[in-house]
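You will see subunit A twice below: alongside subunit B first, and alongside subunit C after that.
The block that comes next holds the complex of A and B.
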């Protein structure tokens, strides 16, 4: 009984993304059943839409920069949290994790007020990156926490005893051991930034990101099949990225010799 | 004696290194989150007339927010919808978390969690849009139900209203609810369950009196992690909510980007955030007896 329920639940979870390719390859222009016939036309249209390509490039740049910065911040937070004891630690780490539960619209409007109304700056890709780093850092920290916790401190101590400096120990011993966690954090942050809509919607100036561009397409019924084709590609890509992240996370666990307890979070 | 001094010095140095490390991400969070939140709070006491910003402190926005029935209705609707979403999501998620924790072989658990989280990471906008396709008048659900002769007329109560918003958000936040409950279930010492059975409790009572109370920290975490962001959701009400399913975030967006009345939008954001924080704290206070010793 329980197993049957779980299978139905998984179907419910996957229903929308399983429907994407169905309509992406359907030649009818209306997104409804019954289906018409098979076509690759919508994918071909993607290849010649220039505005889309610009949005993709913007999104890739934003996601890549976001991933690097938030992973670096995550390394610092997780390392401090796992390795050191200091007064105010719980409060400091707690504050860093808050963006995880803060509604995105609040992040978006508060940054909009600061950037536009108070500072009088123009919105740009930089403002989106700054906000994306804020929301991705907690995820990166959570993943890297696990990596640092699995790290055997006696390995670092041995390196120091054998004459390595603190920085060379970190570079030669610590970094390689947590590398899988770093890769997982990079990939997750990249995926979150690539998919984020609300903040980008409020903070993008003249350079729309991919989700903002998709949002503008959704208003035109004529463009919906093209959006379905684009969505299919995006789903395949993010599943690929997530699988890489998961493989990397598991490799990290094996390297640390710890039993897998599952999950990113 | 010397040993003690040396240990003391090492602890001090440890603390310093810890602070130096944590200060970078902490400074970032303060600069990009705490400072803007303070700014929006101050901003909500200003006023704006078309393009001129008046920085005299006034309660005008709050007076308007509390006297205009539309705002109160949007806020109470947002909380109502978020409450319904949280209830549906947590109730639907619990059996799934229970299944993975108790009925899946340990070496396959992470695969299951991976399967559950994948849809969550993929194209948020399009997932919501596809619910419109599924729930619509000529949608997937109606045509299939008509196809098998289950209904004659298409169901209309499932799109462009609050129901549609609840279904769509429950779908979007499912993994957020499953993961914390799963973690709490994993921490339960299985010998406690055996003990309960040995002492004569049946399976149902063991679940009610042992498993459920021990899983409460996970349920509370799931409740908060679903409730807080859903109150502020913007896209779902906009795409599937229709005129009667709009929520407070849609009004905040309208004030900021359409009406050019950012201070009013700021006031609404502050009110929404305060309400959510108070509700979250009340929930934590009410469930304290289950949370004690729940951490580990």
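The block that comes next holds the complex of A and C.
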């Protein structure tokens, strides 16, 4: 009974995604069964669509910058949270995590109001990056929290005891030991930013991101198989990145010599 | 002049008073122990010497120089951590040589120093081993070699043996002692194991609740405890109720005793009379009592057999609770059973009277 339940559940969850590659390689222009024949035409079309390439470049830049900033903030927040006591600590750490439960549309609309109405700035990739950092930092912080919790504080003290300064201790001991967490945080932030639609939709001016560009393609039924091809590539990429992140996290645990207490993923 | 001097040191964590007016001096080449139950402040005191904690008030000097405001990386101390803190991403040799990174030695000289340090702790040829591929005892040795390679004035050890099993612990105890004599460096050891402290130390500071209760060499600590708390913590001591007026003591189950001054600790009145297990003997047929000793009648209530000796719980007639008596199991000597009658010989000069408030 339970098994049937799980199978139905998984089917609902993943069947639509499995349909992506099916239609991406189908030569018919209409998304319907029965299938026509095999083609790589839709992928070829992707290769020559210039607007798409621009959107991809925009997305990659935004995702990369977002990942670096979120991870740096995550390192700082996690280190402060795990190692130090200070007044207002719980409130500060709580606020960092709020975007996890905040509807993205709220973030998007309020940032739009601030940037356009109040500050009078133009929308740019910078505004999207700012918003993406906001939603990615909680994830980075959560991952790095685990890294710092698994790091025995006496390792850092031992390095200082043996004559190293605080900064060289961070470089020689802390950084190498939390590196798997940093890589995982980078990859996850990158993936979240790359896939994010609502915020990018509201805040992108003349420079659409990939998800926004895909959405705009949907208005042309002719292009739907192309979207399917693009979607296939994105799914494969996302799965790849998340797998790398998880491998990196597990390697970190092994290196720290602790038991796996259930992953972030 | 003493190498380390700690004067009127206090440490507060918020409202919590973790160290209360600590005063002590440790000499060059001494093996000094901080002994006390969990939470008494041993680690805190050690960390104020290492420079990982600031003192709230007071003075810490090493070699005459004040250490107040001197960060840990500039103090002439090195530490062996309770968890050993072996850097997991480095090899054994990289761990041991870590402290030499800033030194002006050439690569070859450093390698020689690492080799010597490893040899000193009996880890010849382990240099290339990954740190995570070590047993507990080996990690302990790496931590020692790593801390000693800088030839500190003081080596600080925070419960370095508590993670080892009994056999390994006993072996490391004698090895640590040998190593300390060999290098001539002052060791300050934190432990909650009184036996370990007695075996290893030249002097021991016994701490309770952030205060030093007594600071003495092991024999004095054992035979002349400053108060009942120390007496109970060091070795085994059983107590019988008594009443003392001047030098006259009346003990339940033992009768009248005239005390010498050094048997008296604290005020007169209702006292607790402390007896060490080895100060009493069960009289077997083959033995005659010393003339100065006295004999009391009792019954064996319980016993623990250790092979070489037996610990008896003997209830003396008229005493409210049993006393612990240790007896060596000599060839031909019987081991008594529960309920057997026992004649207990005791030496009036060996008991201690602890006053109501000591």
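Quick note on the criterion: the second predicted complex is superposed on the first by the 264 of 265 C-alpha atoms of A that agree within 3 Å, B and C clash if a C-alpha of one lies under 4 Å from a C-alpha of the other, contacts with A are read in each partner's own complex, and residues count from 1 in each chain.
To be clear about the criterion, a contact is a pair of C-beta atoms (placed from the backbone, for glycine too) under 8 Å apart; a residue touches a chain by one contact, two chains touch by 3 or more.
Computed from a prediction, not measured in an experiment: that's the story for all the values here.
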Give one of first, second, both or neither to describe whether A:15 is in contact with subunit B, with subunit C, with both, or with none. first
Considering only the touch criterion stated at the top, classify A:240 as touching first (subunit B), second (subunit C), both, or neither. neither
Identify which of subunit B and subunit C touches the larger number of residues of subunit A. B
Looking at the overlay, what does A:44 touch: subunit B (first), subunit C (second), both, or neither? neither
Is A:111 touching anything from subunit B or subunit C once the two structures are fitted on A? First, second, both or neither. first
Pick one for A:99: touches subunit B only (first), subunit C only (second), both, or neither. first
For A:198, using the defined touch cut-off, is the partner it touches subunit B, subunit C, both, or neither? Pick first, second, both or neither. first
What part of subunit A is in contact with subunit B in the complex they form? 2-3, 5-6, 9-10, 12-17, 19-20, 23, 30-34, 73-74, 76-77, 79-81, 83-89, 92-93, 95-96, 98-99, 101-107, 109-114, 117-118, 130-131, 133-134, 137, 141, 191-192, 195-198, 202, 211, 214-215, 218, 227-228, 231, 234-235, 238-239, 242, 246, 250, 259-265
Sort out for me which residues of subunit C touch subunit A in the complex. 50, 52, 71-73, 77-79, 81-83, 85, 87-89, 98-99, 101-102, 132, 146-147, 150
Would you tell me which residues of subunit A are touching subunit C in their complex? 152, 154-155, 157-165, 173, 176-177, 255-257
Under the touch definition given earlier, write down the residues of subunit B that touch subunit A in their complex. 11, 14-19, 21-22, 24-26, 28-30, 32-37, 39-40, 43, 53, 92, 95-96, 98-100, 103, 106-107, 109-110, 112-119, 121-127, 129-131, 133-134, 136, 138-140, 143-144, 171, 174-175, 179, 182-183, 186, 224-225, 228-229, 231-235, 239, 249, 252-253, 256-257, 262, 265-266, 269, 272-273, 276
